[in-house]
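Right after this note come the structures.
Look at the two complexes coming up: chain A is in both, with chain B in one and chain C in the other.
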Partner chain A sequence: MVMKSGGFYYGKKLLLFLFSIFLLSAVIFFISRLAPGDPLVSYYGDHAERMSPEERQWAEEKLGLTDSLPVQYVHWLERALQGDFGISYKYKRDVTEVIGERMGNTLILGGIGFCLIFGLALALGIFCAWREESLADRVICKIGTVTSCIPEFWMSLLLILIFAMNLKWLPSSGAYTLGGTRDLEDRIRHLILPLTAVIMGHLWYYAYMIRNKILEEARADYVLFARSKGLKKSSIVLKHCLRNVLPTYLSLMAISLPHILGGTYIIEMVFSYPGIGTLAYESARYKDYNLLMVLSILSGITVILCSIVAEIINERMNPCIRGNHIVEDTEVAER
Partner chain B sequence: MREQFEIVGMLPAPHTPIEKKRKWYQGKPVFRTILLVLIVTGCFACDLVMTKEPTYLDLNHFNSAPNREFLFGTDTMGRDIFSMIWYGGRTSLVIGIVATAISTAMGIIFGALSGSMPDWMDKVLMRLTEILLSVPGLLLVVLLQAVLGKANVLSISFVIGITGWMSIGKVVRTEVKGLGNKEYVIASKCMGGGFFHILGKHLTPNIVSSVMFMVIMNVRNAIMAESALSFMGLGLPVEEISWGSMLSLSQNALLTNSWWIILIPGSFLLVTLMCVTSLGNSLRKKINQKDSNL
Partner chain C sequence: MRELLEVKNLSVSIDTPKGEVEAVRNVSFSLKAGETLVIVGESGCGKSIMCKTIAKLLPPSARMKSGSISIKGEDIAQYGEKEMRRLRCEGFSMVFQDPMTSLNPTMTIGSQIGEAVRVHEPGISSQELKKKVIGLMELVGIENPKERKKMYPNQLSGGMGQRSVIAMALAKDPELLIADEPTTALDATVQAQILELFREIQKKQKAGIILVTHDMGVVARAADRVGVMYAGKIVEVGTAEEILYDPRHPYTQGLLRSLPWFSRGRKTLYTIPGMPPTLIHPPKGDAFACRNAYALQIDYEQEPPMFPVTETHAAATWLLDKRAPKLPTVSPEKEIEREEEVGEEILLDVQHVTHLFPMTKKTVVRAVEDVSFQIRRGEIFGLVGESGCGKSTLARCIMNIYKPQKGKIMLNGLDVWDSKVFSANRKLLQRKRQLIFQDSDSSLNPRMKVWEIIAEPLKIQHIMPPRGSLREEAAFQMHYVGLDPAYLDQYPTELSGGQRQRVAIARALVMEPELLVADEPLASLDVSIQAQIVNLFRHLQQEHGFSFLFIAHDLAMVEFLCDRVGVMYQGRLVETGSVRDLFSNPQHPYTKSLLKSISLPDFRQQTAGRTGSW
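== the complex of A and B ==
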């Protein structure tokens, strides 16, 4: 297969990305317009209820609510591209403003959680594969299977019950102590429990995958060859096996990024941590459709972006997948 | 012929039994299966197990710790937790099963359709579903509730089912791609067999083994999803008892430090999830049976 030039390749991916976002936003727009509720309210808040019929008429025409849905979508898209997503019904402010305030908190929780999961899973997976079938491996596998079955919200509840209610070591909610000094130490103390919940919920899934992939590699012939050549176990595992496992792991991590960020939603809610998750939950409870719609589009974009990044990682780092159909063809020919 | 020659220096192989004798229960999750069967029968025969009326609000004994009358204590509304566990477990299990039935049916139909189509159509279909599935479930849930009115068992199963079929769909698609060019499928097509005929008669029997694991994992995920939704107050309401909606009282329970409201329903949920998971895992082929070269 002739390698296409980099620019063409990334251009194609970018086009795919833009097209996907376009479709996604259209779908979400139509879904949320189907929901009962007055769209006027989501733009003007309570003010909409006090409008006279003439004002209503004028407002509806101004917002284009008298048009058909596709036309409305185009108008919405035009405004959205200029950064105007309307106002939140509950907060009576611009949606972008409300989200902007909370975004940082979620990124901190999800980002630190993601990095820790990434590193710890790698270390744990290699350790377990190294000591395959030893006591440590079996104990870790058992504990891991149990933790991966615990629903995240229940894990959070347990953590609060044990460490905040009974041992009184750590605070149970918020990002800062109310009325306290907003310093770093306070912040970290508030982060520990939610972070633990995030990590515990995901860690074993990835660690177990690494473990199994390395064990699969360890059964390959090249390992036997390297062994007979006299290479050390450490250099075989770290230099040879890991290198074969890494592309799969990286692309898996890319796909799982939105999963981990999304998983923080319910944890944020339990800890009343002021992030996107709590916001989405509130908007769902109070039927703040406009806010919910923007949040949905945002998380949808993250999903699409991450899956395209995963594809790029796969295709650039692992030539086997890029030429996949060629490999299949040769197999057919050999048969 | 053989007896006439004797190979010099041949070492006759000693007779060794090839496999160690294993008892029938070794390597099988017997204990967990029994536990699961106990929980499931307990839940579906809850009328026989319950000691109290699960929906009765006993205002004299609200929030009391486990004692002889209320085996697992009562919740903040004065309901007996022991009875609620079995009564609500039935709801949770039914949701898990119905949701999985929906997602399995969708997954198999989609996977077979996508797998038997020409390459470019297949790619387009996969892309489209990827986009559709990046619509967050939260929005769908809220919308469906707004349309259907109050959430009930069926609507929750429906929501969980239509958001969870992708994993099955992908596995089926890969399997069908491998089977699509087999002679018997082509023969059936030549004789005028329709899509659903081929799917039911020829493809499904071949993919059952690989899909079974995904189906069982789907049951687990559906039960998990239900509990999370109900816990948040977006799924079943508090009056409709399930393990998730029982846990939705836990925010109040945290304030009074009544651990039994959180711990007991959650443990039942966890044990069920674990049993289902290990059942699924034991169904899966053991991949690492070769010896390590390290």
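== the complex of A and C ==
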């Protein structure tokens, strides 16, 4: 493993990061304008359809939509670099402000969902590996495979149908009851269904990975040796196997954070949950360009940051990759 | 003395997709405290499975069918995991073959040893634990234990790794220690030290040790008593001296005779004909009968019982029955002085080759440094040295795989690394050198049939097969290396290790090379199969005039096979010379220590002197 000196290494990573974001912004900018649709609709609502050509011309000029695309992009970039991302056409407010309001909701749903998936998958995986091939293990494996095959939006609809429509236990949409007290209990009641949908969609994928990785480790020679040392099964599984599985798991989780967030976007839509997901959907649909740009770039940053974190985890937690080797065997393959 | 371990009528079988393999068949033996029992046998004879049965560490596909195992009078045959754990904590230890896989790569050596100590003494304080770990590391001969205990397994050499494994086994003051091929993965010099360590443990701790091996050298160095295993059975037991001096079972005799020192100075090595049987449907009667030149009618019909020879010595062969005919004593072939048939023409000329691997910005591994030697046409040049000394790197430089940073490699007077010369003579240079790898398992594509593998080089180089079609050419080459052309349409996994290595050799020969570079071609083979391959090399050299670069760490084989030897140590060629000069009068201290590590204890050398007696 060739380790470059720290500054150079991170400098290169940072440059690459900035370049990717720049490229992303350009691609999104042009693609979003290629798609059919009328941005004026999101600004003026239904009124846009009744506008006279002169009014239209005036409105487009006001929004800066008459210049050629590259010029528009350069304008956007100039302002963006000064921290001004423009206003949302629909909400007529600063884009950052609009996003800021909704961000918390998504972070709560996605964050709690992510943490629960992380913990539950670990527990479930260990449980199944512990009881390999037992009835419990086999039943959980079957159920898990089925649930992870169900698409998230359908699962959400099913949950709404059962728990909100038929049983009327839980609310089906929003973050708070309209005109309600907006207290914690209300909040939690609104979170339960979307959270369940988020978790059900992803949990088994990770739990199954943990289960199989642990079982794979359990077949390794060092486990046999640990058993012959007289260690308990619990300390073999938890101390030895898990320790070797964790780096892979952590880096996988880091990579899949955007994936899970992407899943929450769809679920937010179905539950009309006021988060980034609904916002992103609306902005793409109604050509709210400024909003769309920022949301895309935010997602991009998350993806790239997560993969950098995953890479760092991999490099730091694995003693084989970690630096300063004692080099005695030049030809490991020789043996 | 009371028996420490007693195994009676043990049978174990393994379920495989092809059927039930009777891996261990009706085995009985016992072990006293303070005694070392060495179990010898070839791979697949069931010795490892037997150890795992005793330790109750069998894989789920295997199960113990019958028999009893008692440790200190306690019958453990029906014990579950819980009771076994108690036994393991109380002093029943195991050591496995490869230290690199039996250590957890993500935990430091110190913490892994500590674990073993804590299992044995649950209430130990962390201060004492630290002291005990350091004490154990010193006991097994690890220097600087305070620093070393913070290291991860991949930072240690193989010998250090195995020492740490042994330290863990010793953490429980074991009374019974089972070691499954503990030295096989290690270099010759380290092997000797580890065996020495076992001897010390046996004396100091009064432990009973079972050592499993395929190497007769280990028997001579470590054994008090020996059990020889063949096809799932123990066919002969006796004290080390009895087995080495006076083997009665034809299999034991064959094993000893196929060692290179027996055939020293002769043209070919002795080989046991045939192959061990598969144990899915073990043969009726004596499993060794079909490989035994003196097999009697009864051998094919009825299993021989153990015939006692002396009080401690017994063998299962009908040849010991009173009614059996007396065996003719095997007189060794007349000793032939190997003629110097080697010409003066230089085939390969390696001049001051240096190859470095950059590791980090500042450090560089000098894998090969300033190495020069020559191979004459028709010569077998042996290259020996411990793992990591740069032998394989050098072979790869010669094969145009790694580009040496300095120096020249001339084949037939052509510089193989000069790009102009190379592109002008590309086809010729590619044909004239061929490489044979250590592990035929991974060097043959498992999805290609044998004939496709053998004929592939011709296809790649667009050479018309000289004997008609590619298939016919492959059949011819198989015949050439002693393989039945019936295997043409089989896949490598269907062949045994020795047969696969022959396929690899046939693939090299199909190009009609002048130089064969064999990189540890014997290392993954059993003793009796090794002898067959060595004989093949000898045949190819003498009858067909091939030249070899023979890379090995087994000095005895090198002594038998090679004309000249080079010894590599830490990337440098420290000594070269003819086999006779180098083995009788080594100059470099490293060569001396290498030779010392294979020189055997006294009684073994006496045996070598009186080989004619059986």
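Following the convention adopted for this analysis, the second predicted complex is superposed on the first by the 253 of 335 C-alpha atoms of A that agree within 3 Å, B and C clash if a C-alpha of one lies under 4 Å from a C-alpha of the other, contacts with A are read in each partner's own complex, and residues count from 1 in each chain.
Note that in this section a contact is a pair of C-beta atoms (placed from the backbone, for glycine too) under 8 Å apart; a residue touches a chain by one contact, two chains touch by 3 or more.
Since the structure is predicted, the reported quantities are computational estimates derived from the model, not experimental observations.
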First (chain B), second (chain C), both or neither touched by A:A220: both
Which of chain B and chain C A:V95 touches, first, second, both or neither: neither
If touched residues of chain A are counted for chain B and for chain C, the larger one: B
Chain B versus chain C as contact partner of A:K232, first or second or both or neither: second
Which superposed partner A:M200 touches (first chain B, second chain C, both, neither): neither
Touched partner set for A:N244, first chain B, second chain C, both or neither: second
First (chain B), second (chain C), both or neither touched by A:G300: first
Contact residues of chain A, present in both the chain B and the chain C interface: 220-221, 224, 227, 233
Interface residues, chain C side, partner chain A - complex: 55, 57, 81, 85, 88-89, 93-94, 96, 98, 101-107, 115-116, 119-120, 151-152, 154-158, 165, 168-169, 171-172, 185, 357-361, 363, 365, 367, 387-388, 390-393, 438, 520
Footprint of chain A on chain B - complex, ascending: 127-128, 130-132, 134-136, 138-143, 146-147, 220, 224, 227-228, 231-234, 247, 250, 254, 257, 259, 262-263, 266, 269-270, 273-274, 277-278, 287-288, 290-294
Partner chain B, residues of chain A touching it in the complex: 16, 20, 23-24, 27-28, 31-32, 34-37, 132, 145-146, 149-154, 157-158, 160-161, 165-166, 172, 212, 215-216, 218-221, 223-224, 227, 233, 236-237, 262, 265-266, 269, 280-281, 284-285, 287, 292-293, 295-296, 299-300, 303-304, 307
Touching residues on chain A, where the partner in the complex is chain C: 2-5, 220-222, 224-233, 235, 239-240, 243-244, 247, 318-320, 323, 325-331, 333-335
